[in-house]
Amino acid sequence: MAQKIKWGVLGGGGDSLIGVLHRVAASMFDAYELLGAVFNPDIEKSMEYAKELGIKTDRIHPNFETMIMAELALPQQERIQVFSILTPNFLHFPMAKKLLESGFHVICEKPMTMSYAEALELQVIQKSTGAIFALTHTYTGYPMVRQMKSMIAQGELGDIQKIDAQYYQGWINPIIHDVNMRKTTWRLDPEKSGISCCMGDIGVHAYQMIEYVTGMEISSILADLNHLYNDNQMDIDGTVLLRFGAFSKGVLRVSQIATGEENNFSVAVYGTKCALKWEQENPNYLYLLEEGKPMQTLKPGHAYNSALSLDGTKLPPGHPEGIFDAMGNIYRGVAKAIRGLNYLEGEFPEMTDGVRGMNFIEKVIESHDKGNIWIKLINN
Amino acid sequence: MAQKIKWGVLGGGGDSLIGVLHRVAASMFDAYELLGAVFNPDIEKSMEYAKELGIKTDRIHPNFETMIMAELALPQQERIQVFSILTPNFLHFPMAKKLLESGFHVICEKPMTMSYAEALELQVIQKSTGAIFALTHTYTGYPMVRQMKSMIAQGELGDIQKIDAQYYQGWINPIIHDVNMRKTTWRLDPEKSGISCCMGDIGVHAYQMIEYVTGMEISSILADLNHLYNDNQMDIDGTVLLRFGAFSKGVLRVSQIATGEENNFSVAVYGTKCALKWEQENPNYLYLLEEGKPMQTLKPGHAYNSALSLDGTKLPPGHPEGIFDAMGNIYRGVAKAIRGLNYLEGEFPEMTDGVRGMNFIEKVIESHDKGNIWIKLINN
Amino acid sequence: MAQKIKWGVLGGGGDSLIGVLHRVAASMFDAYELLGAVFNPDIEKSMEYAKELGIKTDRIHPNFETMIMAELALPQQERIQVFSILTPNFLHFPMAKKLLESGFHVICEKPMTMSYAEALELQVIQKSTGAIFALTHTYTGYPMVRQMKSMIAQGELGDIQKIDAQYYQGWINPIIHDVNMRKTTWRLDPEKSGISCCMGDIGVHAYQMIEYVTGMEISSILADLNHLYNDNQMDIDGTVLLRFGAFSKGVLRVSQIATGEENNFSVAVYGTKCALKWEQENPNYLYLLEEGKPMQTLKPGHAYNSALSLDGTKLPPGHPEGIFDAMGNIYRGVAKAIRGLNYLEGEFPEMTDGVRGMNFIEKVIESHDKGNIWIKLINN
Amino acid sequence: MAQKIKWGVLGGGGDSLIGVLHRVAASMFDAYELLGAVFNPDIEKSMEYAKELGIKTDRIHPNFETMIMAELALPQQERIQVFSILTPNFLHFPMAKKLLESGFHVICEKPMTMSYAEALELQVIQKSTGAIFALTHTYTGYPMVRQMKSMIAQGELGDIQKIDAQYYQGWINPIIHDVNMRKTTWRLDPEKSGISCCMGDIGVHAYQMIEYVTGMEISSILADLNHLYNDNQMDIDGTVLLRFGAFSKGVLRVSQIATGEENNFSVAVYGTKCALKWEQENPNYLYLLEEGKPMQTLKPGHAYNSALSLDGTKLPPGHPEGIFDAMGNIYRGVAKAIRGLNYLEGEFPEMTDGVRGMNFIEKVIESHDKGNIWIKLINN
């Protein structure tokens, strides 16, 4: 009997893929009502898009600032409760900052900020306001990723001794080998995408996934990055050696020039007792390996899964879930948090994931630039 | 800039899984607005559920009849345009009939009716009104099923010489071996689920899939069904031999006692030139086989796919689509049809699929009961 | 410290693939010594081939009859103990008959004979001599097929309620659509290959596999065969409905026009407790399915496998076994039998498999020719 | 019409798995005749084993030295031509050295020697004698590994920009966590197994595979190794960063504590045009990835494969090949070389592979010990 959560969106208009993903996710459990937006810097286009979506245009604003002012002018109970930030990366920080300071909850696309310093600043603000902050590392919303987290937390793997994560894509391959394209693609332009291409875009997903499923913190890293042309030295490929505790090590491998790969993101965790492996392109399978026993293939929706995994599965086993379901699960967790309901650790990535992720990106670049040396991550 | 389609729902309240599936599907492309419903025979529960969903309660009605009357009393431009029928099977026909006669479009869960005679009656009505009628054989909404259909239609396989479809589940296994459970499960009670359990529930999906992807009509069938206890003779397993044209044959295999299977639905079509295979539990892969060449694995979202396949894919390759996306694609097609836009053959299953499906079910039972003999299907 | 078994080969010379398969298999466990052969009807070629193989030519004979006479003239302890029959199909029966009558053991390629009558005759002879007779249904030599047999025999699946076997190939596809090729291919000529092409060649493998793994006898069948041109009516595709006991049914599907398939042979057995599935092209995996539990993937060489499965596995888990290993396992079993050692039921297919197989082929043709009716198999 | 190659074996008696592998491999193409051996340091056992194998005992010797003397005493044309060294690792070098110096050809199990210095010494000797020397990196004998090598050599991938190899096993996991077992396992004892456990045993396989398939030389490495207990510091896990030319990088990952993994060895090579991936546990599949095209799955025995790949495939497509076939292919290549026939580069790993491999192992240990720094490999 809950009232719908009042929801606003920044960016995500027109042909934006991310816009669709968030709107469908928000609708999946009937928890959000889209009331206002700045879909586009061009108010005309924003209005048009609102009409296309079939939503009222009275809370469509020309820009972020006017939107916030207008919302703050409303009585609290009518005000938008949570904003999703789907704008270009450099806007994530200023918008999130202003929103948190103004008392709104925030769902923010990754990367959270452009620097670790900004991330720390944001964390301080959030702590002071107590607002909900969710970072959409979407892949952690998959039921079998959540199951992996639960099983490791329960100690079913024993102590973790080896971790291997891979995120291989090939989409930059045709771009990088074309001199004009590599000059004009925003991902390859540090002005627009920050100090890192590959690590910032997908490496940080792999990093967050590792810490998410293991519940462990990476203590130090050694990175080797790669580029293919001297005229563009943004990282488009790299391998990062990882150290956790005393004897626990791992490796994180990412590439955007793994020709022909689509979104080949996988993670394997090996413990003293057994191991778990998961692959994003076949997200409904979780493989359990144990010495001398048949491999087991766990799937969503079964009673043997944890509460965290089962939360959000909408149909009986055998009905494949996809990336929209993963994001839907994250929105479901955020809704619980906003409504003050109980929710489990892991229902959505939080501020800490963002702070740690930004630290990871900076340290990876530093390690590489200093000649592939070990660098400690800052563990808060 | 299209206005949202005014949408009503019959059934699908409370814990209904099918209700969630339809609502999410309807929301996926921002095309529908849920305005009214009879979620439940108990108006209290319907009202409560509406509140839970966060929709207005002014068009929540105690029963189907009052709902239709109330809608018809509204000016045409305010009236609900399309109803989704998610009620128990025996209500599909009377509701669809009344809706079509009253000028509403209809999205109907499978099975369309309880008999072939009813199906024919419905077809006559629909033809006379010209309303849109969609039957939710959800699996045909998957991008790679659509791609299969397109490639076969384009002649890429040559002439079809062999077809093999399988739909294996195991969920009835624990029920059938428990004398109390098999007496009380509605699926196994002909009063409630009609003349067939297995063929009516899943066999008809396989049948429709075959005709959908091949564009061919099955001309005659020979069926052998199975049950495991004399005290319950409803079919829970069966194999159907298929004949198409002169030299084209096939087999359709379904089971609900294939122990441990979840929703293992697959279809393989072999032509004179090459072959295509697809599996529901890994829906984002379409396998292309050709003598002496490497097998090719097609995936959604690539430019090599047909317009029919690409329609509805929302993210770049490598982002898995699931069953909700399949249903979303069907709703997208229906929305185009309702808005009078162009749409492709195959965007949603139509009345003919339902008529042919009901004929199939009845003929399968007849073939089995007469001692596993060949029976012609009626080809309209 | 066993002496090597004295071994002779009939056929299998020159480019014969089957010759290589048998020779490697015979060598795998150091149990056989190839002493004599009629590799070819042309003695020159036979001698040449013997030299190529590096074996002595003193027991290379111009024909079967002289070979047998010469061997019988030797003292028993010097005589060849077992012959492998690798000749064209129509020679299997007369050679096996003569060999058994003369006191030799026999390893015979499939099909055992050209007719059920011949098979029965052979069976009578073998019973009277007590010689070992092995029929090389090679696929039953795979460790995971043997594991399947053991688990079912142990009752791990409970009662069997559903069986599904498939053997799909595509190699006849290019032949059948070329009028000259389909006139000249021996497989498609009843004079040379007997009353059946598809069922006789591969259908009988699937049939034997079903009875091998389940330990059950098929009691009756209903078959529908297919051909694509009126000028050649040999079966190149077909489906056979199967009945075992009262409520146990199955289906056997074979095709040589499943375009692009290589050797896609699989078998699935569903019991009241759980199910097992196996595929020839990935022979080192056995899938165990159980309602509500994760699927388990069993692999060769593990202690959890049965003695029958482990027999013959030569390396630790993770070292793939292939078709040569399967045949090697069969030869290993035959060697034990010849040496009078204990061996397990199932180490090699025997006379009964051949007799039942020939009966199956004839009954399938009869069922089809009589209009797809049920025919009882003769259960000895 | 070739005479069989006279073959001797050192080690490989009794329960030796490697002995079986080599004997079956040698028999696969009828090219070798086993004439003499020192199966065991105990001559009694050697004799017994010879009888078990059914070979004559006149050339079974009490030790390596007497064996060589006896052979050298024979006229050249009667002498054993090639010896396979299957003894414990520390004997590989002295035996190979003596054999080469004495004019024998050598097939040597990996590791070739205990040190890089020994390897260099052996190389000098071989160059001076011109004898054939083969190192059994068995995995390179698989048809689809050879196909990978051929396609890359043909330039089908374009320039190589990224390489990723993995070799994960779990068998040391239960050993390492048991204080007694880890003290007594020879692999974990530097006295017996040399300076490295994991890198020496399996890392070198991965290293050789990378250079084999790419035809490129790794120029420098940075390694991070792992152990789990201070009382045993042998490497049981490690990651090695790789550099080839200017912009070509890679990573090599090996572990013996990847719990539950069997023999999970894979290699992926990404080029400017397309990519190839292969996995040892499913060796009959080679995956070809290209941006915007369906993935292709190549299989053995097809006409589209290279001569190098097709060499040795004995049956039509669809008949799985296993590890014994891979080793058989290597023996086939060695036989051609011994007979002075033409053979292709890549039919068997040679001295260079061994020299480079030993250098790799030493440099990996050095890199790790010096604090994970870049070390140049010596490129001969």
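Residue numbering begins at 1 within each chain, and the chains themselves are lettered A, B, C and D in the order written.
Here is the rule we use: a contact is a pair of C-beta atoms (placed from the backbone, for glycine too) under 8 Å apart; a residue touches a chain by one contact, two chains touch by 3 or more.
Remember, it's a predicted structure, so these values are computed and weren't measured experimentally.
Undergrad: So which chain is farthest from chain D, going by the mean of the CA atoms in each chain?
TA: B
Undergrad: In angstrom, rounded to a whole number, how far apart do the mean CA points of chain A and chain B lie?
TA: Chain centres of chain A and chain B, defined by C-alpha means, are spaced 35 Å apart.
Undergrad: Using mean C-alpha positions as chain centres, tell me how far chain A is from chain C in Å, no decimals.
TA: Between these chains, centre-to-centre, one finds 55 Å.
Undergrad: Report, in whole Å, the distance between the mean C-alpha point of chain B and the mean C-alpha point of chain C.
TA: Each chain reduced to its C-alpha mean, chain B and chain C end up 43 Å apart.
Undergrad: Could you pull out the residues of chain C that touch at least 2 other chains?
TA: 171, 261, 288, 293, 295, 299
Undergrad: Could you classify the connectivity of these chains, where an edge means two chains touch, as line, ring, star, complete or other?
TA: complete
Undergrad: If you look only at chain B, which of its residues touch chain D in the complex?
TA: 288, 292-299, 302-304
Undergrad: Considering only the defined contacts, which chain C positions touch chain D in the complex?
TA: Residue list for chain C touching chain D: 1-4, 17, 20-21, 23-24, 27-28, 30-31, 33, 48, 51-54, 169, 171, 261-264, 280-284, 299, 314-325, 328.
Undergrad: Residues of chain C touching chain B in their complex?
TA: Counting only chain C, the residues touching chain B are 157, 161-162, 164, 166, 170-171, 173-174, 177, 222, 224, 226-229, 237, 239, 241, 247, 249, 251, 253, 255, 257-261, 268, 270-275, 288-291, 293, 295, 372, 374.
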